[in-house]
Amino acid sequence: MIKRTQRIYLVLIVLLIAGFIINLCSGPTWFSPLTVLHPQPGLQAQTILSVRLPRALASVLVGAELAVAGQLLQTISRNPIADPAILGVNSGANLALIVGTVLGIPFTIRARFGLALVGALLAFCVVLGLSLTRNGMQPLRLILGGSIFSGFLVSVAYAVSLLTQTTAQYRTLLVGGFSGVTYDSVWLLALILLIVLLAIVYLRNSLTILTLNDQLAQSLGSKRNGTRVLASILIVLAAGGCVAVAGNIAFVGLGIPQCIAIISGHRFKQTVGQVLLAGGAFLSFGDALAKSARPPFELPLGALSAILGGIFLFAFLWRKQGALTT
Amino acid sequence: MKRSFQIWCTLFSLLFVGLVIFQLTHGSIHLSWTDIRQVFSGHGSAQADLVLLQFRLPQIALSVICGVCLGLSGAILQLVTENPLADTSIMGINAGASLGAVVFLAISHLNIPLSQTVGLPIFAVLGSLVGACIVFIQRRLQQPLQLLLLGIASGTLLNGIILLIELQLDQFDFDKLIVWISGDFWNQDWSYIAVLGGALLILLPLTLRGLWASDILTLGQQAASGLGLAVAGKRQVLLLLAVLLAGLAVAGGGAISFVGLMAPHIARRLVGNHGRHYLPLTALIGVNLILFAAVVAENIFAPSQLPVGLVVAVITMPYFVYLLLHQADQESI
Amino acid sequence: ADTHAFKAANGTIQVPNHPKRVVAGLYLGQVMALNVNVVGSTKLEMANPYLNQSKVKKITDVGTPMSAEAVLKLKPDLIITSNEADTKKMEKIAPTVQIPYQKTQQFTASMNYFSKLLNQPKQAKAFKQSFNAAAKKQVKRLEAAKISRKSSFGVYEMQSSKLYAYGSGFSRGAQAMLALGFKLSKPLQKVDSSAGFKEISVESLPKYQAHYMFVTTSSTKGQKDPALVAMKKNPIWQSLAAVKANRVIELPFNKMYYYDPFATRAQLKIVTDALIKANK
Amino acid sequence: MTQLEGHDLCIGYPNHMIIEHLNIKFPDHQIIGLIGPNGSGKSTLLNVLSGFRQPAAGKVVLNGQPLAKFKPKVRAQNIASLPQNPQAPEDTLVRDLVAYGRFAYQKPLHGLQTDDETAIDQALIAANLEGLATRSLANLSGGQRQRAFIAMTLAQNSDILLLDEPTTYLDLTHQLEILKLLQELNQEQHKTIIIVLHDLNQAARFCDFLVCLKDGQVMYQGRPDQIFTSRMLAKVFQIDATVAPEPRLGCPMITSYDTFIAAPTAAEAH
Amino acid sequence: MTQLEGHDLCIGYPNHMIIEHLNIKFPDHQIIGLIGPNGSGKSTLLNVLSGFRQPAAGKVVLNGQPLAKFKPKVRAQNIASLPQNPQAPEDTLVRDLVAYGRFAYQKPLHGLQTDDETAIDQALIAANLEGLATRSLANLSGGQRQRAFIAMTLAQNSDILLLDEPTTYLDLTHQLEILKLLQELNQEQHKTIIIVLHDLNQAARFCDFLVCLKDGQVMYQGRPDQIFTSRMLAKVFQIDATVAPEPRLGCPMITSYDTFIAAPTAAEAH
């Protein structure tokens, strides 16, 4: 078992490094890895340093954060198909950004992050509130309530943009992607990742125990609600940060933890590291594809990952037909 | 329950009549009773004729068609998935129908020999079938939860594709697409309405037949099978009907979500879980919801209008929240 | 008898020879430039600062999207729109022409098109003359300032932190520049002949650079767009020839967005002023 | 004559077979108890007998004809079955629930006919529920609920009844109530009743015939007084039990049981 | 000294009270059986004792202090409880599951310490699971699963164990296995074990003390040989039962039971 786990880690690390390097190399013009290591001083070096490096870093960070946010959500809701995007976090953040646009707030990364965070937090609180019953969080209610509520938020966001004639902005907001990422965003993402990691190390046992049913977890001495609230804050922080930097990128949060679950099981403590690595690797490959498939234009990463994610979910359900019980 | 069924039916019928009267008389142009009478007796002014016969009545007719289709389709989905929160928008059916419509609009530039009046409903229904293809690939519909998850998966996938098309095919209007996705009565020609109405008239008796004794499904698959119901077949038929009804509704009014969710919910709360009672009421409430949303959509920001689907989403949300909170005490959803 | 056939996107329509009451859901400026009486239009169109405000005040807002009944109330004899859903409804009220955006993007083509529709060749000719006169005046100023009109230009816009390159069809000064005799840079001509705009990455800017670069930003109202500020700090941006030589011209979005004849005529002066300022 | 048999049945889930080449005949007009350890395939077998699942091979034969050939409604007129945890909306009225049992006799889009009404009334009387007919399920106790579901299967007027652990979660009072109702039905209406039970004493007391499954195979079958022995209990359940006649009723009964101190010796087990 | 008591407990759901003004003391180091008809409030009471639900009024007292004052981890060090349907991901290894029992002793940022490992090993040995420690739950039988969960609660090293119908759905073999394990724990480690059981004979055999609930009130409590009588069974369960000593073990046992022909007369019931 230990050997197997180590092998998985090794593969994931190699994938992550490969993804990172390929992301650095790809762009409107392909630089060979050697060029990346020893660029000609001047424009080439500056391109790598000021355009590609922050972008590659951001894609790794966003991938890791979305994936771990998804896993946290799946753990606290005990539902394998929970995804921050399904739970209204993204649509809440989007609505806030639309409102910000309408109000004409200048979109510094901090302002974006603040707006996204507030929107995501409010939306998530509503969905969480809807899913709570006397006996704790009901997974199915969480998913369905979330889907419905985020549909509602999308409606409101569109109504707002329709009435204020800002449909063009609404449209560009829909598309997730990393063009124009700066070091400001990278620092923000890194800070979030640091917070999330520290919190996860602190909470790892409590989170692992949440995979048991409520009564059992309680009897083991876990502070279920406290843990859930903390985890929720982490989710909103991570998802909000990602929306602020990269817009909507569907299904990293759902697909990556599920991939890992198929390989390594559902236990939180044992798999969270793998989820982080895999998320980072996936998105750095995905972004490399988005920016180099049809150079010099950018493919919409948000749509790409939704399609990949949808297909993936299909395959996952297909495989797991018998074993799906919540 | 029978009593309350009769009472609520009467009340909602009255509400319907009230809404129709309001809709007929109000708008940018005010029509009096005499105007309306004159139009119906064939002596109306040209303007009153136009307003009544070309704008207001078609809208009401479409509201009725979409309301009935969406309400019943939602009720069927909730029955088959054994989940009171299922809805056409969750099951990927709306996304499929929208995709069908989007594809049709995209290829309509290629001069295909299909008029929009016929082509669009066909594509929307085909799309909804694609969206619900899971239902047909997935032969063993043993676990309702699986069905639900597959629905969500296909919805996400299709929405991703719609997004991609939205962003890639610049030559046609983003705004036009989003009207589809948020729901609006975009074509109010009588010929179009006749096609939809005809289709509904064909589907309704089939639906009635399909839903007869469907209460037995609420007992669970094993018990239903024990009572002599061919469960798998019944579920397939019902799902197919739900998909066709939803496709029809999307062709008429775009992807209006929430009606399919809310109408059966309200109906069941009012008259209980007996299909004989709540299903007819569901259709009636569906019609009322859409009609009310249409009235609001037209008048609240007049002369600007909102898509009907958006208004439905916004006005039913408080009730939805109330519903979830109210049910918080009970074990089930 | 007093109608003529007009080929629009929704088929061949019998249009009155001398429409007296036009509802223009879009293209308000184009219709007004031909001195035709407009009775109804939409908010966004009526916000156009380049139009004769006293005339605009008399126009009724018919809602976005247009409300059929509000239009009917105005008893129009011609309705102009750009989309199919509107067309479906409006056809029942009065002759309705659906005009796709693409037909109206180039100044001269657009003038000719609308002149045919509204049967106003004289008025069109008059407007073109005034436009050419205005262009000539600005060309003289450019010559006086020794600015060569052989240089290429490009139009760029920042939208929600994403950078777009435009062809000539979406105004932002491009029509004015063309009228002054400048040309789009080669790669942008390609964009122009396809979709008309594309999202590009900062990294590929060197490929899409032009001698003069017009930059607008749509995300903020009158404030500095942080995304634009960030781009300006980018070494790739700073390595562009136009940047080094100060030939990047930033213009306010709400002035450059409009593309009707009045706007284009006014933009002649705006871009000339900017060019002269940039060459100081 | 009604006769339910399984011929060479193979039943399984996608990955593994549970029951292989099982041949079984259920005697008519008796209460037949299906007993056996966890996972021995009792529920699986019952689901196949009721026609809910299809066997991978072999067939169930009813009155000499393969069950698969029956139309669902005709099958339901012959076999009524009740799963382990039957569910219905809480606001269903008892009478409406029982009326569902008539589904197999109704024509589409027709209401209840007079003979349906008669059958419903009789089922309510048989299950002792006349007084509760207009109550909703929400207002019933666990035992009454279970009786209402049994009444529903009675309204099916079938000769065969299949029940899977109908007494789980019920207290002793309610268990007794259900089992006595079944006994009455068997005696008065001569129904064939196949029932899964974990309480072996109850099985021995209320059943006329026991089928003991282990690992998907019939290990013992026969009258309780024939097969309900220490030896059988040792072999099937690995317990060291003393069996003696019940003082009042005379049926066999475990009077004392415990685990074996050591593994059962060959002599004890066979 | 550990002592679990309920003072003037009122427990209920929003619309109705289930238990009103209940005072109860659980004797230490004994196996205490909680019996009573369906809906009498057994599970409700257990959930309040374990701290999962809050009483509407009154308090649970542990070692002289109100339970509500305990921090969750400290409470878990004193009381371990196993709900009726414990669930865990299917891929959890038995040893990992048992290790969860040590949660109450772990500090954040620390892994398992040597005393944790010892406790886990002991729990595995006590539950007879040493051989299965590296198997995942998916590969266990129902009885083994239930034992794994019990081992988890054992690793909590608490003096009090609460179990709600731990034998439902299990066959006789597995029921016996679980109950004997509990008996052993009580005898060797002197744990106080409170257990809900529907099988009254098992309750009488394995419990040192019985608490009989009806309608949210304690109707009888005491040693089985004191309270396990025909009269009690008539009053609480309305059955006409004969109680005699179990031949081998001597504990009281229902040797025969039936419904009363008529309602029990006052003389019989009291």
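So that you can tell them apart, the chains are marked A, B, C, D and E in the order they are listed, and the count of residues begins at 1 in each.
To be clear about the criterion, a contact is a pair of C-beta atoms (placed from the backbone, for glycine too) under 8 Å apart; a residue touches a chain by one contact, two chains touch by 3 or more.
If you want to know which protein each chain is, UniProt gives these names: A, B = FecCD family ABC transporter permease; D, E = ABC transporter ATP-binding protein.
Quantities reported herein were computed from a predicted structural model and do not represent experimental measurements.
> With one step meaning two chains touch, work out the least steps from chain C to chain D.
The least step count works out to 2.
> For the interfaces B-C and A-B, which has the higher count of C-beta pairs in contact?
By the number of C-beta pairs in contact, the winner is A-B.
> Mind checking the centre-to-centre distance between chain B and chain D? Centres are C-alpha means, answer in whole Å.
44
> Using mean CA coordinates as chain centres, what's the chain C-chain E distance in Å?
Those two chain centres are 80 Å apart.
> Nearest whole angstrom, what separates the Cα centre of chain B from the Cα centre of chain E?
The separation of the two C-alpha centroids amounts to 52 Å.
> Could you tell me which residues belong to chain C and also touch two or more other chains?
Each of 43, 64 in chain C touches at least two other chains.
> Quick check: what residues of chain B touch more than one other chain, meaning two or more?
If we look for residues of chain B contacting two or more partner chains, we find 175, 301, 304, 329.
> Under the touch definition given earlier, write down the residues of chain B that touch chain D in their complex.
1, 208-209, 212-213, 215-216, 218-223, 225-230, 272-274
> Inside the complex, what are the residues of chain D that reach chain B?
Listed in rising order, the residues of chain D that touch chain B are 47, 50-52, 72-77, 79-83, 86-89, 91-92, 96, 100-101, 103-104, 106, 108-109, 149, 152-153, 156, 162.
> Across the complex, what residues on chain A touch chain C?
Within the complex, chain A contacts chain C at residues 27-28, 43, 46-47, 49-52, 101, 104-109, 111, 162, 165, 168-169, 172-173, 175, 177, 179-180, 182, 184, 291, 295-298.
> State the interface residues of chain C toward chain B in the complex, per the touch definition above.
43, 61-70, 72-73, 82-85, 88-89, 92-93, 195-197
> Considering the complex alone, what residue numbers of chain B touch chain C?
Checking each residue of chain B against chain C gives 27-29, 47, 50-51, 54-55, 170-171, 173, 175-176, 179, 184, 186-189, 298, 301-305.
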